[in-house]
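The same chain A turns up in both complexes below, where it pairs with chain B and then with chain C.
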Partner chain A sequence: MSQHVKPKKGGFSSSETRSKIFFLAPALFLVFVLSIFPTIASLFLAISRYGPAGFGGFVWLGNFIDVLGNRHIWETLGTTLIYVVCGVSLQYLLGFGLALLLTQKLRFRRFFRVLFLIPMMITPVAVAYIMRMVFDFRIGPLAPIMGIFGLQDVPWLGNGTLAKILIILGDTWQWTPFILIVMLAGLETLPHEPYEAAVVDGATPWELFWHITFPMMLPVSSTVILIRMVEAFKIVDMPIVLTGGGPGVATESTTLFAYSTWRSFNLGQVSAIGYILLFTVTLVTTLYVNTVRRRIAGGM
Partner chain B sequence: MLERRNPVKTFFSYLALVIWSSVVLVPLLWTLTTAFKNPIDVYRGPKYIPGIDFQGTFDNWKYFLIDQWQFFSAQYFNSITVAIFSSLLCIAIGSLAAYGLARFSYQYGKIQNKDIAFWFISQKILPPVVVVIPLYVMFQWLHIHDTRFGLIIAYAAFNLPFAVWLMRDYFLGIPSELEESALIDGCSRIQAFVRITLPLSAPGLVATFLFVLVFAWNEYIVALFLTQTLASQTMPILVAGQNAQRGPQWWGISVLTLVTIAPVTVIAVILERYISKGLLVGAVKG
Partner chain C sequence: MNKRKLLVGSLMGVALLAAVGLLAAASGQSSLKYAGRTMTIVTFDGPQIGEPLKRHAPEFEKLTGAKINVVLTTFSDLFPRILTDFTSGTNTFDAGVFDPQWLGDYVSGGYLEPLDSYIAKTPSMKWNEIMPFFREFSATYAGKTYMVPLDGDFQMVYYRRDLWANKQFKADFAAKYGYALVPPKTWGQYNDMAEFFNGKTVDGVKMYGAVEAQKRNAQSFWLLGSRAGGYMQYKGTTQGMFFNSDTMKPLINAAGFVRALTEWKNIQKFGPPNMINFDTGDVRSAFVGGQAALAIDWGDIGSLSTDKKTSAIQGKLGAVILPGSKEIWDRSANKWITKNAVNYAPYAAFGGWSGAVNSKSKNKDIAFDYLAFLTQPENSDEDVTLGITGFNPYRQSHFNNDSIWIKSGMTKEDASNYLGAIKSSLKSKNLVLDIRLPGTDRYQKLLDEGIARALSGEETPQVALDGVSAAWDKLTDELGRKKQLTIYRASLKLKSLEGN
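Now for the complex of A and B:
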């Protein structure tokens, strides 16, 4: 699809202005009521004391000072950032590689495409359970192989680093397909001419990739990474079911931290944590857009 | 892409495909076999094929589909209702907005179509935890907390940015000449939209609907805040709740996982068609 049809300038008739608003109004209304208004209300909660008894007066920056003064929030932000950076990088490498593979003229291509798509359609909480079963090297499907290497007692849930790795692997199993389908869609729209010219000049497949495919895929790559990055910051389903945030707080994401704070019904602090996460996502996304994406757009 | 028939390269390509296929399939097949295992066979170490290295059983299925039918069916029904109605609402409202953004030019001060479209999609940055507490308070005040209706409008709103983004791109790819001639013939804008543009964009609508349906079907954290009882709890809540005091009951979890992922697997097969026909391309290049 291309953007060759420009929105009409001016209008067809005088009733145009009215129908223009009619088309946009319901969507704006829904987003305002269920997204914008709650976001503002959340800020109100974040500067209030709000517990089981209801509103208990304004504390202004009190909640933020309490939350930020504790190591807990910094640990969860660090963990979330690890999930984002490691998970998205791994997914990008695998997804791009698989997309390249699927552009080749191989048999059963459609079968593989459908099969590879399935993990991203599965409920994340179910993926978490499935991963726990598969990575149980004592009674899981890989037990015989892992037994040979003496790995049947890997304490996935008992060691902070291993537990984080397990969550990243689960997330990667689930979301590599997303990168795959988007990159595949991008690869299929690339022009043929540069390849033909380069082959005539005797370029190797590796050179074709580095000097043609990779640079031409940079815009799509930067978008797909941006989308995954924003989504990965919200990670919560996987740690809640896989590890419950443990051992200790080693695998707790910021959203999970907010959820456990909600359980103690301190709504003011939950909102403060939410805002800290929102600020972090916005900051990282803005940095990414202004450095990586701008450079790519400028270089094209 | 140019292809040179190189047997070694072809071999390694197939090898890579087989490896990733196993990565995808082994966990799914393992879940399938576990659903037919007795607890003792789960704990006795890896058993692979029913009838050969363990005796298969339907007890786990019977437990949820007969003994626990009352609870299971309520949650499955909630999931179906919420997913379908929130997606319909989302597509109805989203396609209107997308059409507006694709066909008219809005100008409010410095704000133009591009900015409105960006504003919609930028909603995706918002972490659910930011909005979910006020929604919880608001829904309780409106008496729609712990109802399917509450979850339906929440999901419709959360998926709206995605639907608007994808549909806008789809409408932009449809030539506007047909609509223009209909307008000259005396059709109103709405009539032209409903009678001409919508039928032409059926593939885009269906694909967007299916995407949104899957998102709504799988959603967990918002449902965790906005539901409380069987009146509105969805399947992901039921699945996640299996982390029982006696440790996870893998055989039961496997059954629930399978019945939860069966519908979306079918959707995946249908969606792949649309994706391979070029849906997503324009939306991602933008």
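Now for the complex of A and C:
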């Protein structure tokens, strides 16, 4: 009964093509409205002078030259990279570790699974305000502990390095659950056979992890890290609530820089900053993906 | 059968009554001036500013039939959000309550309705009872009135009257510094007093010498202006403090500003360890919570001090005009000069929340009437005394009527001290006007960054302010030096320069 179906070569007018267009059109329309149009519009703004009085003529690369000629953008890109590298690394280590723990036969395992997810479900600004209370070591919930060690009067958010660390910690508190949930899902799909064979050969728990679990989880790990990296480049809630970008410009991310430029309604420059950030994210993630792909292809 | 008739009769009676009632209600509604119309007004969600706008809406609706839709947004988003609405032609907002400093951008774009003719026809708002500064400067731009003041804004120094009256403290202070402990008249004295009280334990609380808002992207622009006024401006309001009024060259890196910023950084030693991360909210809670001897803020601490639940300083509030200096920077001679008397230059920071009407609105009449309703003494007399609002006194009735303050929970002494400080600022002929130019927000943002770099120690005050000066100069060129100079001079009530 098998039947060879010859693909139809009908043109635009064929019913199959029409139905394809019919079903694709809504999605294409949404992509155009929500993605392509804003990209084109922001490119128009990026090469224009556009302020409170409206369109003030084309300046072509003028906004890019102004922004890139200002040390401020380089400082914020450096700070953002610190957030991305340190924050995502910490989140990955913690998330993977907790996911491994939750695959063990622990009591209240299900309860912990839900508990660990709570930070991710809270809106980022609310998390930032929670962190602001937590990091107030004079009257916050950690004040008694900090008092014991005499650390209450340390200007935690008044020192650039310490403030960066606290922002990374706050971001980690919120986003580790995301890595946890993805890694946990990955761990639960791993086959049992390689582990059984390795155990028969006398492998230690560390050897099981390093030679079986970690390599098999590499595709999941690289994906989750990539998603978090792209997100981390856009960090804004935590620095704006905790420090406003200060002290000095020590904790200011590029997105916060863009936001404060937008506040002044300098739409040309804010669009240029957006494109610079887009270029940076694309560059860093491409480098990352190529590196990971080579590693996976070469078997680590 | 009789029962049935009775039932039918009753139902008919009820229906008739309902119909009559509905008709009466409808005729009542339609007799109201703005029945069936909705006016949308946007402001800051603080809730200090949104609260009174929402609270008074039902009464206005009852009186006029209009529906008042109050849209709230964060302070950071307020300026661009209104501008987006105006520039895109969406015109969702019929009116807004915002910072008068933004008039430069809004009026230049033709987005606001001149209100002079509306004001002339509305005696109930008692326009002439609004204090002259707010009426003639804050509300106006290029000779026309665009705003209805709802708030009076001056920064001043707050101190704890009980500490300054303490005999032991008085004796110790005099012994250490060689002069009497009285409210500070100069920035040098302010610094001494902050140092003296820092670390002292009062009522079981370890005190900080002073609390001030130094946080990045917050209010530091205005705090620096408050500290620089006494050094920079001494020839009266028309002298101006921010730019050379002949060339539009920035004065922001002049020695007076550098000295003010240097002193401001030094005050960190006598404040909380995280003071560099304090905004006005932190300043207010620290001072009203009884943790600091001195604070600089707008009038809000006065009304917040009356709250029995949160205030530890009720009956202890002292307030004075911003300190000045006997040493003044002479910008034309490029040297410090010394005067016999203290030069006070109170800074009209921000200028007070005020309402304006969208020139493209279809509800200009409702928008103006609602603003007039808010400002009339019957409503504003109460608003300025409530801690929850961000509105501070700005009408004669707010200053001449102690009873409204005592009713709000202030002691007579607190009230007279607090209002006295505001009055002395308002009476000053050397009041420093805030920047009101197209691009004000961009000038402020650049200065905010420079201040932050200096306060964090990334750069010296001189280097940081040199950087700000260069950036301001570039911005002025971008926006048009001639145009900016004309507007700057107009804001100082100076004649336009010929040839400019």
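Keep this in mind: the second predicted complex is superposed on the first by the 280 of 300 C-alpha atoms of A that agree within 3 Å, B and C clash if a C-alpha of one lies under 4 Å from a C-alpha of the other, contacts with A are read in each partner's own complex, and residues count from 1 in each chain.
The criterion applied here is as follows: contacts are C-beta pairs under 8 Å (C-beta built on N, C-alpha and C of every residue); 3 or more make two chains touch, one makes a residue touch a chain.
Quick caveat: nothing in here was measured; it's all calculated off a predicted structure.
Q: So, does A:R263 touch the first partner chain B, the second partner chain C, both, or neither?
A: In the superposition, A:R263 touches chain C alone.
Q: Go through the superposed model and pick first if A:R138 touches only chain B, second if only chain C, both, or neither.
A: both
Q: Of the two partner chains, chain B (first) and chain C (second), which one does A:I240 touch, if any: first, second, both, or neither?
A: both
Q: Using the touch definition from the top, say if A:S42 reaches chain B (first), chain C (second), both or neither.
A: first
Q: Output check: A:P155 vs chain B and chain C. Expected answer is one of first, second, both, neither. What do you get?
A: In the superposition, A:P155 touches chain C alone.
Q: Look at the residues of chain A and decide whether chain B or chain C touches more of them.
A: Comparing chain B with chain C, the partner touching more chain A residues is B.
Q: I'd like to check the shared interface: which positions of chain A are touched by both chain B and chain C across the two complexes?
A: 138, 240, 244, 259, 262
Q: State the interface residues of chain C toward chain A in the complex, per the touch definition above.
A: My answer: residues 76-77, 79-80, 83-84, 87, 105-106, 108-109, 215-218, 272-277, 279, 438-439, 441-442, 445, 449, 452-453, 455-458.
Q: Quick one: in the complex, what on chain A touches chain C?
A: Interface residues on chain A, with respect to chain C: 51-54, 72, 138, 153-158, 160, 163, 240, 242-250, 252, 259-266.
Q: Any idea which chain B residues touch chain A in the complex?
A: 1-3, 9-10, 13-14, 16-17, 20-21, 23-31, 34, 42-46, 48, 93-94, 96-97, 99-106, 113, 116, 120, 123-135, 137-138, 153-154, 156-158, 160-161, 164, 169-170, 172-176, 180, 183, 188-190, 193, 214, 217-218, 220-221, 224-225, 235-236, 239-240, 242-243, 248, 250, 253-254, 256-257, 260-261, 264-265, 267-269, 271-272, 275-276, 278-286
Q: Inside the complex, what are the residues of chain A that reach chain B?
A: 1-3, 5, 7-13, 15-16, 19-20, 22-24, 26-28, 30-31, 33-35, 37-39, 41-42, 45, 94, 97-98, 101, 103-106, 110, 112-119, 121-126, 129-134, 138-144, 173, 181-182, 184-190, 192, 195-196, 199, 205, 219-220, 223-224, 227, 230-231, 233-234, 236-237, 240-241, 244, 254-255, 258-259, 262, 267, 270-271, 273-275, 277-278, 281-282, 285
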